[in-house]
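In what follows, structures are represented as structure tokens.
Here chain A shows up in two complexes: once beside chain B, once beside chain C.
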Partner chain A sequence: MMIQELIFYAHSLVLVLAAAMVITVRNPVYSALYLVLAFFSAAAIWLLLEAEFLAIILVVVYVGAVMVLFLFVVMMLDINLVPLKEGFSRYLPVAVLVAIVMAVELLMVLWSKGRLGVDMFPIPAPNPEGYSNTRALGELLYSKYLLPFEVAGVVLLVAIIAAIALTLRKRPGIKTQNPASQVRVSREDSVRLVKMKSEKPREV
Partner chain B sequence: MLDMLFYLLWTIAKILMITVPLIITVAFYTYFERKVIGSMQIRVGPSRVGPLGLLQPFADVFKLLLKEIILPANANRFLFVLAPVIALAPAFAAWAVIPFSDLLVLADIDAGLIYVLALTSLSVYGVIIAGWASNSKYAFLGAMRSAAQTVSYEISMGFALVGVLILGGTLNLREIVLAQQGGIFDWFWLPLLPLFVIYMISGLAETNRAPFDVAEGESEIVAGFHVEYSGAAFAVFFLAEYANMILISSLTAVLFAGGWLSPFEGVPVLGETLLGEGSIFWFLAKTAVFMFMFLWYRATFPRYRYDQIMRLGWKVLIPITLVWVMVAALMAVLGLVVKGS
Partner chain C sequence: MNSAQMLLAAPEFWVLVMTCVIMIVDLFLSKQRQGIIHMLAMLTLVFAAIITLRGDYLVDGVLSVTAFAESFIRDPMGDVLKVFSFVLLGLIYTYAKYYLRCFKMFRADYYTLSLFALLGIMLLISANSMLMIYLGLELISLSIYALVAFDRNSSRGSESAMKYFVLGSMASGMLLYGMSMIYGATGSLNLVDIARALDSVGSNDVLLVFGLVFVVVGIAFKFGAVPFHMWIPDVYEGAPAAVTLLISSIPKLAAFAMAYRFLNSGLGDLHIHWQGMLASMAVLSIIVGNLAAIMQSNIKRMLAYSTISHMGFVFLGLIPNSAFGFGASMYYVIVYGIMSVAAFGMIILLSSRGEEAENLEDFKGLNQRNPYYAAIMGLVMFSMAGVPPMVGFFAKLMVLKAVIDAGMMWLAVTAVVFAVIGAFYYLRVIKYMYFDDPEIEIDMTAPVDFGAALTMNGLMIIGLGIFSSSLITICMASFGI
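Moving on to the complex of A and B:
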């Protein structure tokens, strides 16, 4: 299909460019926005693979929640870019070395025949009509992989509790409000109606 | 090739058939809002332009379009112009999966519900980018408030949707409506009453509407994130906000109030008439009711204090949704709610 290839290459191009921009642009807010663009392009490529659930969840979780918080923090930072660049020339040789090693490793994997090469991954066959990626995922997660799934959930719960526990601290000497008592306020707490007999002004 | 071209043109025509009425609805929604709030406050509302003031929205639109767009000094030009577009796009794109009736739906996809959830969570980007790019303290404060608020209320909104998923057994919006067949008491609002209420509250918070409109908060931070916007750019933000309100109203109708289904289904006398059968008119009527409620809230509730918004979201709504998701699961397992009955 020509159109599918067109969509794939267009989104791949945007994805690679955006990923490169994430680490090259100077402004961290731009970095975060390029990362959002990269997530979107990746989601589009997943859609082409008929993995619509994963694609949309990628957008919900990373773009809708994680990146919003990222932007939240990054926009509040007052970053001075000069000290960040100071060590650039000093670290350059090490960085180049690491980059070369990683590139060579990747190329070895990509060019090797028989184990992990590109020739080992044929173009995926289109799924039969009526196939639902959401249903397939759900059935696997809640039958075959039920235990790992539940364990992952518990691990995340522990992480949530730990994160909250880390931020809990008692600071003495600050004024706080007690919403419960504010909500419980009734009219009797602040207003007292006094019955009085009406009086005539005294005649002078 | 010709087939494909025809398909493309037909799809674009269908998209226009949704978006053009939507834009017109937004225009008259603003008129309706001013009239409704006016009569609630014993005023007349717009009454000068055209008969009964009906041409007021068009006068407003032309005024905004003809005004100059002022770029603040030191604003980030590109993002400043891009922000309204980012705010508008998801509000329109989400309409792709809304089922207007059994046959009238642009994209009848299996992951419709999370698609909607994804797009409603994107609308906050327009606000954040606008606030940051304006290079203004008020705009930035509004953006920060909006970001924190949206992320918080998304959770309770997501859990409310989980309840619908459990009873409906599908992510497809059309099938969710079909699962509610059988008259007004078979719709999901009854078994999921707490989630229904929480969904509407979260919808208010997601669209930054009163009483959760702290992102604008005109008495605190002037006009919040769009304080620096003028002319057409401001109009686009306005359009996005109202399109989002209509979207949330239609979603409430689809998820909790039986979409296009008739409330009198199964009543013998009505049978085959317009009242007894489901059609797009029922969908539009229900959406209109929820749209009216948005205005009603605005006219009757004072604005929340910011810390109390956070408390309500995290400490009240989320625990209730968690409990009711379990109740919904029990109802589904015990067969108390049978779908499509």
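Moving on to the complex of A and C:
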């Protein structure tokens, strides 16, 4: 029990610190890397909860695919943030005021008696032997949460269509590949046989 | 779950399947034959309406049926809202086709994206769990963000799409945060279970009220109520008129359904807490919307601020948390959709010369150019101002009655005073049309279907006003009155 708690607190601490760093560091590349760290810590906490499938998906999909893509975009766009940040401090007083009000409200909720203390939430009991997290998840997704699951798929479809509709345009004079015509290429298009008289050795 | 339960969502399935069909058919169509897309979309709407109306699912004494593990609910209120969404979208498509042709933007993407938005609207109307509410909302929002930037050559369109996207994501984040608090307090995503859990937790639980605040913020953003209205004028102005038409009408029907389900079915016991929030936002919306609209010279911005004030009136009906109030609100939101579609249809009609008719001056002397369309615009403006016997008057009357019944006289008085102030800018449009000389002499021609749709729209505004009890009865019956 002791070791588990130790692992939990260590990862929680890293998670919170990394999340704080994501929004405070100035360099967007560091920011993305801290987000990777936050995802890793969250995955570790999920592992402690015996949610192996979710933990692995978080690492594979978010760290492996999404964040790498993120880094690509950050590096390729190379946005100069200085002109964007100009005049930011003008809104500082209002922002600070709103932040303080929200922080106070949050703290009031957190400290309200008997609602959010650690003692309110029992330690989750370990699952019985032979329990498969992946199987349980799959059964829920295709029974109780069938409709939300399908609708989430539709949302992704809309995202694809929207991205294509906004970026794909046919402009004349652009050198692009046409895969169809590339595939349809035949020998006659590029190879030409030329009849030539064979060379004869010069008579000496 | 059995197949009979699944069939409750038949209209949604039909719309989804047809949207995918349209997407694929578009690949095989040449530029000249793209009109087929329009026909297919209209066909989708007609059959969706038929399927919805023919749904025979209610047993005696039961007001609603759920499916998909209680995450989907089918009830008369949802059916009425859905059918009106189909009707309004049919009108929108007719207007938009003309606009897209004039501006050489006719692409099937407009139809697929707006049908996906319709699917989101239908799912949100029928959502019975926080998960479905969020997914329906995102489906609507994502489609509309893309539609706002539909004119890719317009930098204003991209800018307003970006603004909408950033603010919309913030609002979604707020909503999700509130939902997580409510989930934490009640342990359920399902609205029915949440209502049940509220009985044991009690209505003064600080965690629940905290979550409620964020949920109300999310709902208010969707409606565009003050102080979460900032996006409305910019998006209305920046988006192409064919898209503004869409944004300003049917998503509001879904927003009403979402507010009703969340605040009444789910968090009805927290009524004392959300009542004050909604009341202050309603008053602010009516005041800010009407005062700011007076100062606008751009008609799209003017209508945007008018939307804000109308949403304040919709909130008025929600405040009492009574069946009559919800019925009145529902009536208002449907009527508002009809009026708004007609108003933007007129803007499209005037902007057929390669440039959008954005300024109020474009309406100058409309009566001399075409008295028929001027009369329809006059009807729309009178109705929005709330002049009897137009339908807008009865909508205002009903929500005010709901508020007075709840004993909030001051709210009703404020609303009426500012509605009178607001009448100024509606009447200004009429003054431009009838008492000024036209600046341009261009005869106005529109395709037959456009004229027919506009005529029908105008008839709805006056017909539903004269025979006002018909729609009012339907709305009240949805809430069991």
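Note that the second predicted complex is superposed on the first by the 170 of 204 C-alpha atoms of A that agree within 3 Å, B and C clash if a C-alpha of one lies under 4 Å from a C-alpha of the other, contacts with A are read in each partner's own complex, and residues count from 1 in each chain.
Criterion: a contact is a pair of C-beta atoms (placed from the backbone, for glycine too) under 8 Å apart; a residue touches a chain by one contact, two chains touch by 3 or more.
Bear in mind the structure is a predicted one, so any value in this text is a computation, not a measurement.
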{"item": "First, second, both or neither for A:Val68, with chain B first and chain C second", "value": "first"}
{"item": "First (chain B), second (chain C), both or neither touched by A:Met21", "value": "neither"}
{"item": "Contacts of A:Ser143 with chain B and chain C, given as first, second, both or neither", "value": "second"}
{"item": "Which of chain B and chain C A:Val151 touches, first, second, both or neither", "value": "second"}
{"item": "Which superposed partner A:Ala159 touches (first chain B, second chain C, both, neither)", "value": "second"}
{"item": "Partner chain in contact with A:Leu49 - chain B first, chain C second, else both or neither", "value": "neither"}
{"item": "Which superposed partner A:Pro179 touches (first chain B, second chain C, both, neither)", "value": "first"}
{"item": "Contact footprint of chain B on chain A as seen in their complex", "value": "3, 29, 33, 36, 52-53, 56-57, 59-60, 63-65, 68-69, 71-72, 75-76, 132-135, 177, 179"}
{"item": "Complex contacts: residues of chain B adjacent to chain A", "value": "4, 79, 109-111, 114-115, 117-118, 121-122, 124-125, 128-129, 132, 140, 143-144, 147-148, 150-151, 154, 171, 307-308, 311"}
{"item": "Touch list for chain C against partner chain A, complex", "value": "1, 9, 16, 23, 67-69, 71-72, 107, 109, 112-113, 116, 119, 123, 129, 131-132, 135-136, 138-139, 142-143, 145-146, 149-150, 152, 185, 205-207, 210"}
{"item": "For the chain A and chain C complex, residues of the former touching the latter", "value": "105, 108-109, 112, 115-116, 143-148, 151-152, 154-155, 157-159, 161-162, 165-166, 169"}
